[in-house]
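You will see two complexes here that share chain A, one where it goes with chain B and one where it goes with chain C.
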Partner chain A sequence: MGWIAIRMLTGDRAKFIGIVFGLAFASALIMQQGSIFWGLMLRTCAQIYDLRGADLWVMDPSVQFIDDVKPMLERQLGIVRGVEGIQWAVPLYKGNARAKLTFLDKTTGKRVDVTEQVILIGLDDNSLVGEPAEMFTGNLLDLHRPNSVIVDKVGLRKLFPRQGLNLTKTPEEFKSQLVKLSRRKEPAIMSKSIQTNDIPNTKTVDTASEASPVLFEMEMNEHRAEVVGVCNASRTFQSNAVIYTTFSRAKEFVPRERKLLSYVLVKVQPGQNHAEIAKRITQQSGLAALTTDEFVAKTINYYLRYTGIPINFMTTVILGFIVGTAIAGQMFYSFTLENIRQFGALKAMGVGNLRIVGMVLLQAGLVGFLGYGLGVGGATLFGMANRGQNSELAFYTHWYLLLLDAGATMIICVLASLLSVLKVVMLEPAIVFRG
Partner chain B sequence: MIRWLFTLLSISGVILAVVVVLELRKSPPPTPPRQPPPMPIVDKSPIPSPVSATGVVEAMSENVLIGTNIPGVVAEVLVKVDDTVTLGQPLFRLDDRQSRADLKAAQAKLAVAQAQLERLKNFPRKEDLPPAEAFVQEASARLADADAAWQRAQRLFQRGSISQSDYDRDRYAFSVAQAARDKAVAELARLKAGSWDREIAISEAEILSSQANVESAKVDLDRHTVQALAPGQVLQVNVRPGQFAAQLNREPLLVLGNTGTLHVRADIDEQDLDRFDPKAKAFAYLKGRSDPVYAITPYRVDPYVIPKRNLTGENSERIDTRVLQVIYTLPKTVKRGELYVGQQMDVFIESKPFDSSKSRFAPEVQKPAEVSSQTISKESLKAKSG
Partner chain C sequence: MEAELSLNPDIPKTQTKRLAVRISSVSKQFGKGEQAVKALQGITWDVAAQEVAMLVGPSGCGKTTLISVVAGILNADQGSVSIFGESITAMSDRYKTKYRAKNVGFVFQQYNLLPALTAAENAAVPLLIQGVPRLKAVKEASELLGQLGLGKRIHARPNQLSGGQQQRVAIARALIHKPKILVCDEPTAALDHETGMIVMKLIRELAVSDDRAVIVVTHDNRIFPMGDRVAHMDDGHIESIVDGSGRPIPAMIDIP
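And now, the complex of A and B:
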């Protein structure tokens, strides 16, 4: 009987394709919008995920999300360090700074002055806890050099606007691209050989062959910052350039402020319960201590509650749902009407209502599955095409979304087949014999 | 045909989606810190609920900031950085030409006074005596002459051979000669008696005064050379020949310290004082490092809580915290050049466990405000972080 149902379904090729595409459209829309929404949400906490190696984030209890920095007094670091069960605690500065730089325009050759808001991250001077996950070019340890900073690759486009910075090039080409843009003629000093008079019998000494050249210079808060490397950082929600430097230097790069300790990063001693330690930190210092996941949840919750982002996406998803239901329902109903004689014949042959309904549901389920598969497949392909560091599009498919999409498609199918089911149940077998 | 194609596409679509989702779930493993931050763990056993403090390495004698008594231009610096100096060793010399001249003047004045006294003491000059004696003889002779003349005049007057006026003249001439002789005798006696002791006393006082002036000039000269008042090592030299050394220099001219044993001066936050035990074991780390660790022993507690100094190095730290300074001794095994005076250290001091019932902070603060239906489940998020 199932086979007959399938034959019936694929009998009219145009209608079959129509139904499947209708469902595929709805499913793809839900999945794609959902993924973009989720991707956007993850961007809001990209910097929480980017920072690995610490177990707990300690912050002012009124912090609502990662960018809502409420700086603490630096002595809080000492108090947190004194909590039992902590392996280490290091400071982290996170804030906004204003970077100024000058370069020669690629086409006109004129001087361009850029002032750009940047996200400044100050890592613990020695341990560099919170370092960028991946260096694109340069050596992270160059941060120990005076005035040095590291910039994230995507953010460079904002620092060099309209210069057609090609992000897909190899590190070497990328470096020369930058050096050419900045006003320097030569990559600065670093690995130049120098003459030494002090040591006899040594003609030249390679001062720092490991050190990478300064790519370009910026100015932050009247202080010179030398960019010694480019890293790959996750894109952030505000999409400002992320600049990494050490904690003590970060304090020079921002205007005078009394409190400058944004977060304390804590590593819990192995074998200790994170929640227990977090509670202890709160008791001893009055600060909030959150795990990465808790902090992400807090950040996302903030965006869900206080921004219009979820409503906007929800609207699109609902629209996709309604359009999908409408197309599929209408198609399916007209398809059932077309095959009403066959159903009548089956009924006349003595096939029970349950069986007939089962056939309709099988058809619905089949097109539902096909539509769902095509939809998620298509959406995934779309996501894959737009993946990677360089993409503006935030796309992240959570596994929840696959199930949600499946559920939604199922509901569409059920709704779409509802009319048809009613129709065949009410069907008089005599219809076969009428005109 | 079309249904197989659709089926195939659909199944591969689902598979693709599942594969991608699973792959996205994987997150890169956490990177361990390159240089582990200081952790309160010694020999793999954690320090129980440590009190954390920031410390600065200082010399055993504390750091002696050398200044100058008198302002002036530096003429000569007699020590180098890292020299070991002994008690009283000159460190640097200010331009002292004026002082030297003053000393010479004072010394000359003393010599004058001394000569004066000498002269008074050796009075009378022996060459002065014979003329005086001769004067006496002369006066005696004149007296004898006048006496003879008056005797004669008496006799002659009784006989009426001379006038009253001649008689009188001789009589008075005798009196004059008598007085002249007396005067010469007195003069001689005075000469022989020597200087008046009051005058000697004055002269002696003058010498004392001059001597004092010389001493004062010497001290003044001496103070142009700054000396080490305690043995130690020269830690810093901020003074160069030609520089003007004022009494209120912003930086010390020289820093001395006895670096035989090093101390750590730890600043303990007043908030932690209830947990702080002055006798507890403590451990010091190089700032920001977890290795090496130094077991430090309590030396002394400065019993006066002072405003926190700018140890953490921010651009402007408004002080609203006071700290207790505790001094610890670093182990003797610390080699020269391993730690430097002035270096910052992270100090962890063992202490009583924190009594959570005494917490001023309710543990509820850490919970996100209130949980609404929109709250993302933690499990769903773990999916990403792995």
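And now, the complex of A and C:
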């Protein structure tokens, strides 16, 4: 009887497709919104994941999320270093700085002065622990050169607004893009004759040392910062440019303060239990010590609890759920009604209630399965079309979302078929004789 | 109950027929109080095997209600119905469903075929309900459709068939599982006279058997002569029972 149920369903092409698309819509919406939400949540933690190499993050106990920096005194570093079972402990500065730079507008040729809030990260001067995972151009070790900083690629768009910076170019093309923009000469000299590919600083730097050229200069807290490299960093929630430098230089790039130690990054000795050491650090220093995963969980938890973001997404998801249920339910019910005489005839011919309900549920299950598949597929295509580190869109599909979406689609199907099931169960077979 | 009975004093003793359906004092009321409709009021009527019993009468007199009770898709308020000695009114709903699947064939005025299935698949439905494998069931149904003159149309969908062809598919569906009783409600009402006669002839030729009761409800007085036992109903009562030529016969078949 199962195949009869399916033939009945697919026999009415238009209705069948309508129901499947209704469900696909709901499923896709749940999936897409869920993935964007998840992606955004991960962005809030991007910097935790980006700073690699350490086992534990040590911080002021009241810190709630990565950007909620509560600076500590530098002597805390010494205390942490004294804890037994630690291989090394290094300082990390993380804070906001104001970067100023000047460039010549691509189209008008006029001078543009930019002041931008940037995320400043100061890495341990010697080890550079917490370095960006991937350099796009330039060399990390150039951070040992005076005044040097490294900027993240996506953030450059904020530093050079409206310049149509093409992030997909190769490192060489990209470098010349930057150098062209940031030529410190006056507009008058910026004539056609100089529009060649020569890079002012290349030669001098190259001959002097093997170091990379200075791509452009900025000023932070009245200190000169020379950008020597571009790295790939994960998009952060605020999408501000991320600037890497050394810890001691970072202190110069921000106004003088008594407390400037944001985090202490700790490597645990091999074979030691991380949780055990974390506990020991807390006991001896009074600071919180979290593993990367714990810090991520804490950060996400903060955003879930104290921002309107989850409610926003939940609203859309719930709307998708309701609209999906309404569309699919309405169409499915009208499909059942249209076939009510057939169901009645089957009942008269001796098909029991259980089997009739089974047929309806099979029909609901089939449209649910197809709708789910199409929905997930559609949402994934959408995600893939907007994929990439440079993308404005945060999109991350956790496998958990697939389950959640499947569950939601199933509930929609059950709800949608509920009326139909009731209808066929209550159906008197005697109606088959009525005109 | 396998009693052999003489139908009519005029018919010689050798032409005895078996009692197939016994309807005793069946009453059915729809609704309650002032709105109540007494659709059946103490109906008593016997139907023999190997003949076509007809139920005729004005609209609303209770014909459909009566065959619904006889076919086991509607519960009577009072009285009993037994089919070849088995009381259908005493069965539980669950058992009745099973009983219908095995023993009852239906032909409806509006055919009620499944539009998504082919002619052969439609005719095979009762076998499928009983769990016969699909291929076997469809093969059997195709053969039966051949006997009904539809051998070339077995793969056609109902909407590709004429009314008469659809009704023939419905007859195949009603007979494929060799039911003990065939109930037909206005089988010819949606057809022109000629096609109706063909359908009735097919019912006579293929359905009539000594282990089956055939009951046909009809308005169409032109097909009355095709009935062996015609019950005239009015207002929930049976007014008279006559044979095909109009001679009165008793409501009950004598059991010696």
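By our rule, the second predicted complex is superposed on the first by the 408 of 435 C-alpha atoms of A that agree within 3 Å, B and C clash if a C-alpha of one lies under 4 Å from a C-alpha of the other, contacts with A are read in each partner's own complex, and residues count from 1 in each chain.
What we mean here is this: a residue touches a chain if its C-beta (ideal position, glycine included) is under 8 Å from a C-beta of that chain, and two chains touch if they have at least 3 such contacts.
Keep in mind the model is a prediction, meaning the values are calculated, not measured.
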{"item": "Clash or fit, chain B versus chain C on superposed chain A", "value": "fit"}
{"item": "Chain B versus chain C as contact partner of A:430, first or second or both or neither", "value": "second"}
{"item": "Which of chain B and chain C A:11 touches, first, second, both or neither", "value": "second"}
{"item": "Chain B versus chain C as contact partner of A:313, first or second or both or neither", "value": "neither"}
{"item": "Which of chain B and chain C A:382 touches, first, second, both or neither", "value": "neither"}
{"item": "More chain A residues in contact [chain B versus chain C]", "value": "B"}
{"item": "First, second, both or neither for A:3, with chain B first and chain C second", "value": "second"}
{"item": "First, second, both or neither for A:333, with chain B first and chain C second", "value": "neither"}
{"item": "Shortest CA-CA distance between chain B and chain C [superposed frame, angstrom]", "value": "14"}
{"item": "Where chain A meets both chain C and chain B, residue numbers", "value": "10"}
{"item": "Complex contact set, residues of chain A against chain B", "value": "6, 9-10, 13, 16-17, 20, 31, 42, 49, 52-53, 61, 73-75, 77-79, 81-90, 124-129, 131, 133, 140-141, 248, 251-252, 256, 258, 260, 267, 269, 278-280, 282-290, 292-294, 296-298, 300-301, 304-305, 310, 369-381, 383-384, 396-402"}
{"item": "Sites on chain A touched by chain C in the complex", "value": "1, 3-4, 7-8, 10-12, 341-342, 344-352, 428-430, 432-435"}
{"item": "Complex contact set, residues of chain C against chain A", "value": "64, 67-68, 71, 73-74, 94, 97-102, 104, 106, 108-110, 112, 114-117, 121, 125-126, 128-129, 134, 185"}
{"item": "Residue ranges of chain B in contact with chain A within the complex", "value": "2-3, 6-7, 9-14, 16-18, 20-22, 24-25, 27-41, 46, 48-54, 269, 271-272, 275, 287-290, 308, 312-318, 320-321, 346, 348, 351, 353-354, 356, 359-361, 363, 365-366, 368, 372, 374-376, 378, 380-385"}
